Amino acid sequence: MLVCKDITKSFGGLVALRGVSLEVKKGEIVGLIGPNGSGKTTLFNVICGIYRPDRGVVYFKEEDITGRKPYEICRLGIGRTFQLVKPFKTMTVLENVMTAILFGRSKFITMTEARKQALKWLDFVGLSGMKDKVAGELGIASLRLLEIARALATEPELLLLDEVMAGLNPVEVSRVGDLIERVRSDLGITIFWVEHVMRAIMKHADRVIVLDRGEKIAEGTPKEIAYDEKVIKAYLGEPYA
Amino acid sequence: MLRAEVYWKSLLLAIPIASLASAPFLLKSAYFVHFFSLLFLFLALASAWNILGGYAGQVCLGTGAFFGIGAYSMMLSLKANLPLYASIIAGGIAASCLALLIIPLFRLRGIYFAIGTLFLPDIIRTFVLYFSDVTGGAMGIYLPLIRDPLFAYTFLLAVSVCTILVTHFLVNSRYGLAMRAIRDDQDAGEMYGINATKLKTMCLLTYAFLCGLAGSGYALYMGFLDPYTVFHLTWSIAPVFMCIIGGQGTIWGPIVGSIIYVVLSEQLTFIVGELHLLVFGGILIAVILLAPYGIVGALKRLSSNFVRGWKACSYAKT
Amino acid sequence: MKKTLPLIFLFALLVILSCILAYTVLKERAGILLATIVNGVLLGGFYGLTAMGLSLVLGITRIINVCHGEFVVLGAYIGYWLAISYGVNPMTLIASLPILFIVGLVIGKTMMNRAVSMGVDQPLLVAFGLSLCLRNLMRYLWTATPRGINIPMGGIPFPGGTYISHLSLIIFCTSVVGLLSLHLFLKNTFIGKAIRATGQHQESARLMGIDVNNINALAYALGLLLAAVAGSLVSLRFSFDPESGPMFLGRALCAIVLGGVGHVLGALAGGIILGVVESIGASLLGDVMRDAIVFLIFLAILLVKPTGLFARYRAF
């Protein structure tokens, strides 16, 4: 479904991504991990069209989407949450999701219909009680659920989750983890997931890709990754390898 | 909204509009016509600016350019023997064409759109002065019709009502949601499918067209245009002043703001005479720094705080 | 600085070469062209000075001070008024400097700091309001009649019947000296370094113990000080009235976008280029179009290449 070939991106002198190639197949939950600064969010930004790579191509469903505008990519079927949540602060939770529905899809939809569907999505993630609250007042757990609801509302085929568990307590982590499983099983959405909370990734991901300093250093099942020498070296340093 | 609500609200609106429309014929007061013509003119400008500046968040400091080009285009179309209504629309279209040239400025974030528009009135004025054989240059240009204040009054009333209705429908539509989304977080908005540049362009063109119509109204009302008055800084500052004092991003804001502006301009000239613009500037700065949401904005926040406090109290009782 | 110096030399070389070429090819009219270009360069030095105040404020506090033009005119009025009352001498010309500096400190501390803390639009709108206030104040105090100090001075004759006035040369030299001393101040003194630090990264500067609020107010005041210097020169060379503000603001902004923000030499280079283009354009299209040429160049650069020609970093 998603194929990245040889993605390279630098910012001035800093090389953020160096020849990264990977593939995400339909129906998978693929995790993307790596130490801080390894280029995970940059890769997401390249896929979503926020950055244009210096070299390399991004294919989505066999189509070349490299360097297209973010709103075009959204309409093609890729949804994304942000690492630092970006809600529309002066709008209510319901309006946040409605906006995503009205603009994020390629088909036209009326306002009343959009409202109904927005309520349905809020129900799915468990935010129905907060639908009329202004987004700027929400706590981090609700904001993360809102991000997911908004991304889902654009009816993506591929969902990019960027550190969606950051700042959550253990109870919230398992709730969101179950939600992500439901997204895959109930909605059939492929998930590509950057995360630091290891136990969530290890529990839910089919496959894990590891980046370090802009390069892909390992790929495999969670178990294989946990014992991979290069991964341990990247995270913990040489003595532990 | 429910059907009954729509009918009821339309009726509520129709009454003041009908009374304003018929008033000059009943009252026969020249001062009334003068005061309200000015009020409608400024209201139209403020509402139009509000679409671009209050809702889409793009501050335009060059309203005088669109206003002036609308006024001159109408005059020149009339001189070229176009029918009256076609000339009026030509004013709006000319302003929109000018707006089209500015679109690349949207690539720059934030305040650089504002300073890009800052000198537009001066540029257009220079061109008007340069082509003085066509535009009358510094000597000005007269309306080739008999000046009809009542017609101008009605037209300006129509334009301001139109502008407010456009704002209302725009804000309550999907584009209203998109504008607020872009204003809150443009990157997130783009990620969820909003084409920010297209949206801003839409708002800009709407704003420019309405300013051009206001300019046509001004030309009809005054019967005479000269480049130094028409492209003066006041026309660029007034909408900013009105929207900030009244409250940006609200429908009532420009209405309140324009009433305050027109009343103040008349009264201040009596009180402080020469320095009334100084006082205006001072009020503008004070409001920006101390009450950034304007009157209507502040009232909205107070009322929502009040409602929340009330709800909290009622929960506490149970 | 290292990158711009060769560019400036290259540019100056090009100007000189084209002058020599023009002279040899056109002999008679070349004199006028040459004089136009030289006058343009001298004018450009002055524009660079005007631009520097604005560039300093923009680079350090991130405020586009749209009332900069009005402060230049205010400086000119103060110089003019003192000269009329007490005669033209160095004291009356310099008097406007401390006045505007103190005014800058007051405005910076009370209004601008608060506006900056409220968002990006607010400082611009406050400056916009200030420009309205200043125009009205100056009109009230000195009426709308155009003013200017007339100092009869000789000039250097040029082939073709024109001449380069001594006043223009003096103004150019003053501008260059002013810019060089600003550059030295920013580079070598402790406060200069504090100002540069605040401009580069406010948070880090704060962590180093720099009182960022005071430094921002100081930067604003310095910007007004430079405006006062430009204003004093204006009173000698140009005629001005309360509505002249946009003229100077436009040229300052144009010089900045040409030369890059926060760059002392960039502002000078941008000013010189602007001066030459404006002078040549005015001789071709007529004096009426002078302002329009400047504003159009500014708009064109914003639309096409906002980073400017020599920008060290992307301010836009």
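A, B and C are the chain letters, set down in written order, and residue numbers restart from 1 in every chain.
Following the convention adopted for this analysis, a contact is a pair of C-beta atoms (placed from the backbone, for glycine too) under 8 Å apart; a residue touches a chain by one contact, two chains touch by 3 or more.
Owing to the predicted nature of the structure, the values given are computational and were not obtained by experimental measurement.
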Going by the contact definition up top, give me the pair of chains with the most C-beta pairs touching. B-C
Identity of the most central chain, Cα criterion: B
Per the C-alpha centroid definition, the whole-Å distance linking subunit A and subunit B comes out as 42
Whole-Å distance, subunit A centre to subunit C centre, using C-alpha means? 49
How many angstrom lie between the CA centroids of subunit B and subunit C, rounded to a whole number? 33
Can you name the residues of subunit A that touch subunit B in the complex? 48, 50, 69-71, 74-75, 80, 82, 86-91, 95-96, 98-100, 102-105, 111, 114, 150-151, 154
So in the complex, which bits of subunit B are touching subunit C? 59, 61, 104-105, 107-112, 114-116, 118-120, 122-123, 126-127, 129-130, 233, 237, 240, 244, 274-278, 280-282, 284-285, 288-289, 292
The answer for subunit C against subunit B in the complex is residues 64, 66, 111, 114-115, 118, 120-122, 124-126, 128-133, 135-137, 139-140, 246, 249-250, 253, 286, 288-289, 291-292, 295-296, 298-299, 302-304, 306, 316
Residues of subunit B touching subunit A in their complex? 173-174, 177-178, 180-181, 183-185, 187-196
